[in-house]
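Please find the structures below.
The same chain A turns up in both complexes below, where it pairs with chain B and then with chain C.
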Partner chain A sequence: MKRFAACAGYMLLIYGFIFLPVIVLVLFSFQDGRFPVPPLKGLTLKWHAEVLADEDLRAALLHSLVVAVGSSLVALFFGFLAARALAHSTMRGAAAIRGALTAPLSVSYLVIGLGLLASFNIAGIGLSLWTVAIGHVVINLPLCFAICYAALGAGEIQAERAARDLGAPEWRVMALVTAPMIFPALLAAFLLSITFSWDEFLIAFLLSRFEVTLPVEIWSLLRSGLNPKTNAVGSLVFLVSALAFLAVELATKRRI
Partner chain B sequence: MTARIDVENLTRRYGTANALAGVTLTVEAGEYCVLLGPSGCGKTTLLNILGGFADPSSGSLRIGGRDMVGVPAAQRPTTTVFQDYALFPHMTLRDNVGFGLRMRGQGRAERNRRAEEMLDLVGLTGAGGKRPSQLSGGQRQRVALARALAVEPDVLLLDEPLGALDLNLRRTMQEELKAIQRRVGATFVHVTHDQEEAMAIADRIVVMNKGLIEDEGPPERVYRRPKTRFAAAFLGEMNFVPAQVRTGRLDSPLGDLGPTEHAAGPVTLGIRPAHLRPGPEAQIPAHIIEVMFQGIHRRVRVEAAGLTLLAHLPLGQEAAPGDQVMLAVDAPEIVVLP
Partner chain C sequence: MTGSIEQIERRRALALLAPATLWTLLFFALPFGVMAAISLRRSGTAGWSLGNYTEFLGNPEYIGAFLNSLEITVTVTVLSVLLAYPLAWIIAEEIPPRCRRLALALAVLPFWTSYVVRSYAWSLVMAKQGVLNEAITSLGLPALALGNSRAAVVIGFTHFFTMLLVLTIYASLVQLPPNLRRAAADLGAGPVAIFRHVIWPLALPGVAVGAFLTFALCIGDYVTPQILGGGNDLALPQLVMLQIGRSADLPMASALSIILMVAVTVAYLLLARSMRAVK
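Right, the complex of A and B next:
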């Protein structure tokens, strides 16, 4: 019994450590007062209403959504193609190509962001939401590739062979056999990409100019000091991420 | 909807290994051909080349007179029943079977009708709405067969199709395969390492070893008059007895075994255990080493004239290790190998 209490206490500490920031953020977004700090003076939805009424925030939210969905779709498309090609390949050097594709996962966003910024400058491409989206494709493509690659097993390869044998051209093999067979993995890769793009700040900050995504907008809000409105918009970001993550869990569960 | 297959001097190299070392073979239209051999003999490589899943290193392949080298699998008049079935798990049986017709641009109603017809043919009437995961191994095998036959291929390729089934089911499926082949009339090429399966269903057996054809022909001919020692041994148990041909007769340690047309000189005789048996004319004394009961006879290992041989004793005859028996050889069934 004592042992159980110790374990439970330890567990509470760990979970508290992980979740307390989120709880504080969400809780004080309901603060009936000017500052998101204790004591909690009362609960109000005023700050949430203010977020939704803020044109800049609304625009930023829309930008984030467009960039997240768009860049995730592109990353998924190319990640899937690459995974499929390499899952089938017996050629020498396939392992090296695979390594080169997943290596960017270990490169910091700062390096990727600065590198892209320099590249766009050299190429004379102006910064916009497009460049942000390109940056997000760069960070999410390795992820999508890795998830798709892991999902492609002998069963998929055999079924593709059968489809080809029955007269299917390559694009129909992919669309009618491969993609449906690994659909849970595709969905998981897509949703994970969305969560990564959705709250990504560094690259979005470095590669955007007039139109910005939500994390960048929040950052500029913060410069004028903390207030419950930033908590409210933060809660919103968290809510979307949490929902997407939940969907990933459900998508991968269904497979078992 | 059937076609002849002409294979000429086909080779396939993997690195330095010769999976096929020069194979020449003709399979007549509508024939049930079985490629038989141990693993690594090249039979699956040959099947893959027929189906368009591997390219030959050299040689020619024609199906129905058309050159097939370099033609992708999707455009060949062949379909394949894969060893592990390779059904589409996310589709119903109806959609699985109708897939090939869908690729040929047939409408849904027509291909559903045809799919039900094919499921009927393989004994899965009314199961069109099920998914592969709801089926047993044998049923999946049937679906794979129906799917491959639905597009009316000229040539059906079967890659160890019965390998994963238990013995009884395998026997049943062999009969069905043969019956279905007769009904649809396509040329069947079936790969197996099970010689009983090969003999049971083949019109033509092709015995392969180390990338070459050892022997080919009707099962009875290949079994009773194999052309090589390998073919003789692979199709069933065989005693090999060294002998000499002298003045047109076979002179062996087992005595004079009758006339032969073989040229004079040393030869090897192949004698199946069933043709080494007791009988009124028996005059070879043998010493029993081991007795194995096999249901329809007793298979015994004996020593005779300094050779260790396998023989069959009828069930009525009691036998135990250490006993003496007199054996005779069915001379007409002796295979003379160079």
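Right, the complex of A and C next:
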């Protein structure tokens, strides 16, 4: 009994710590007043309405979506091709190429962003959503590659050989045999990439200029100090992400 | 297409590898080389030199920022492991298995707030008139001045990495075979001895990987110290961003980033060595 109480007490404490900022964020997004600090003067939806009506935020949301989906698709496609080439490969240098392809995982975003910024400067390439997307492919490609690589087992390779023996051209082998066989891994890699790109700040901040993604737009909102509108943006982003997470949880649970 | 099967397979593999490899070379390896080269230039002068690096070693402002970063990162790593380990343990061992998934999902739920917003939420909690001070003063205690302080940065970081470490430590705890524990108990070991001599050493590699991840992500982060720490008492990434923004000094920013990378690499080597010593 004493042991149970200790466990319950500790869980309460840590969960309290973990949830405290989220609860405060969401609660004070309903604040009927100009400052998101106690006392709570009343509940209102006007800050949420203001966020949804904000042109800049809506544009940033759209940019974020485009960059996330676009960069994730490219990263997944390239990562999948590379994983297929290296899975069960006896080629000389395969291990070295594998290491090189996953190297960006161990380098901080600050270094990746700064390197690209300096290179684009020298090459005379202007900053735009394109440059942000290039950066996001760099961080997501190793992830997609590693997930696809881990999913390709001996079974997949044999099925591919069989398809090739039956005369299927290479692209049909990939599209009709390999991809469907590792579909869950492809989906996981794609969704994970989207989450990473969607939430990424530093690279997007360094590599964008006039058109910005949502985290960068929120960043510039923070300069106005504590503001219930910022709470409202944060709460809405949290709501969307939590719902997406719940959907993925439910989808995978059913399969098991 | 002629040649032996091996040659055909090899050609096919190279074609499939080409996009990913070229992308990584062009947008990762090349920029890194460019950055390393630029760090050897000196803003406003011609020629190549180690000037930026000697400047770093000689300037107390830079060294101070580096030490700040190191101090914050080590504190955060230790605190997060201490907070996360018991919770991971409780989820893995003490609660009914059907509740585990829910308990884990709850433990990482705030991950899904946007990264930038999470630090902002903590600045709300710790503001002068924020919830925390409200609670403290209603108990009759004096209010804390946590806003824009080192403590605020440490709390914000610890929050994030506690969530991360619950996941990694849980993962290394559940993969231990339960038979080991039963065997130790049969041989007369009490709960403390079992933990000390069986669980702790076996789960240690997983904990160490989580701790290294914390170290690497924490020391390179700009957002949390910028929002919660404010303008004085800078961390190294803040200094890098200052060099890019205000002073437009890319060479110095590059040199500082490389120093940051060296710190992470040294931490990794130390970890790898101590892991080998344990084995």
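Some observations on this one:
We take it that the second predicted complex is superposed on the first by the 240 of 256 C-alpha atoms of A that agree within 3 Å, B and C clash if a C-alpha of one lies under 4 Å from a C-alpha of the other, contacts with A are read in each partner's own complex, and residues count from 1 in each chain.
As a working rule, a residue touches a chain if its C-beta (ideal position, glycine included) is under 8 Å from a C-beta of that chain, and two chains touch if they have at least 3 such contacts.
Every value quoted in this text rests on a predicted model; they were computed, and no experiment measured them.
Contacts of A:Ala100 after superposition on the shared chain: chain C is touched, whereas chain B is not. In the superposition on chain A, contact of A:Tyr15 is made with chain C only, not with chain B. Once the two complexes are overlaid on the shared chain, A:Arg209 sits clear of chain B and of chain C alike. Using the contact criterion defined above for the overlaid structures, shared-chain residue A:Leu110 touches chain C, although it does not reach chain B.
In the superposed pair of complexes, A:Leu166 makes contact with chain B only, with no contact to chain C.
Counting residues of chain A touched by each partner, chain B versus chain C, the larger count belongs to C. By the touch criterion defined above, A:Val177 lies against chain B but remains apart from chain C after alignment on the C-alpha atoms of chain A.
Legend: residue contacts after superposition of the two complexes on their common chain; A:Arg34 is shown touching neither chain B nor chain C. Interface of chain B with chain A (complex): residues 51-53, 72-75, 78-80, 82, 84, 86-90, 99-100, 103-104, 147-148, 151. Within the complex formed with chain B, the chain A residues making contact are 155, 158-159, 161-169, 172, 176-177, 180-181, 183.
Listed in rising order, the residues of chain C touching chain A in the complex are 10, 12-17, 19-21, 23-24, 27-32, 34-35, 38, 83, 86-87, 90, 94-95, 103, 105-107, 109-110, 112-118, 120-125, 127, 129-131, 134, 159, 162-163, 216-217, 220, 222-223, 227, 237, 240, 244, 250, 253-254, 257-258, 260-261, 264.
Within the complex, the chain A residues that touch chain C are 3, 7, 10-11, 14-15, 17-22, 24-25, 28, 35-38, 77-79, 81-82, 84-86, 89, 91, 97, 100-101, 103-104, 106-112, 114-119, 121-122, 134-135, 137-138, 141, 145, 170, 199-202, 206, 214-215, 218-219, 222, 226, 230-231, 233-234, 237-238, 241-242, 245, 249.
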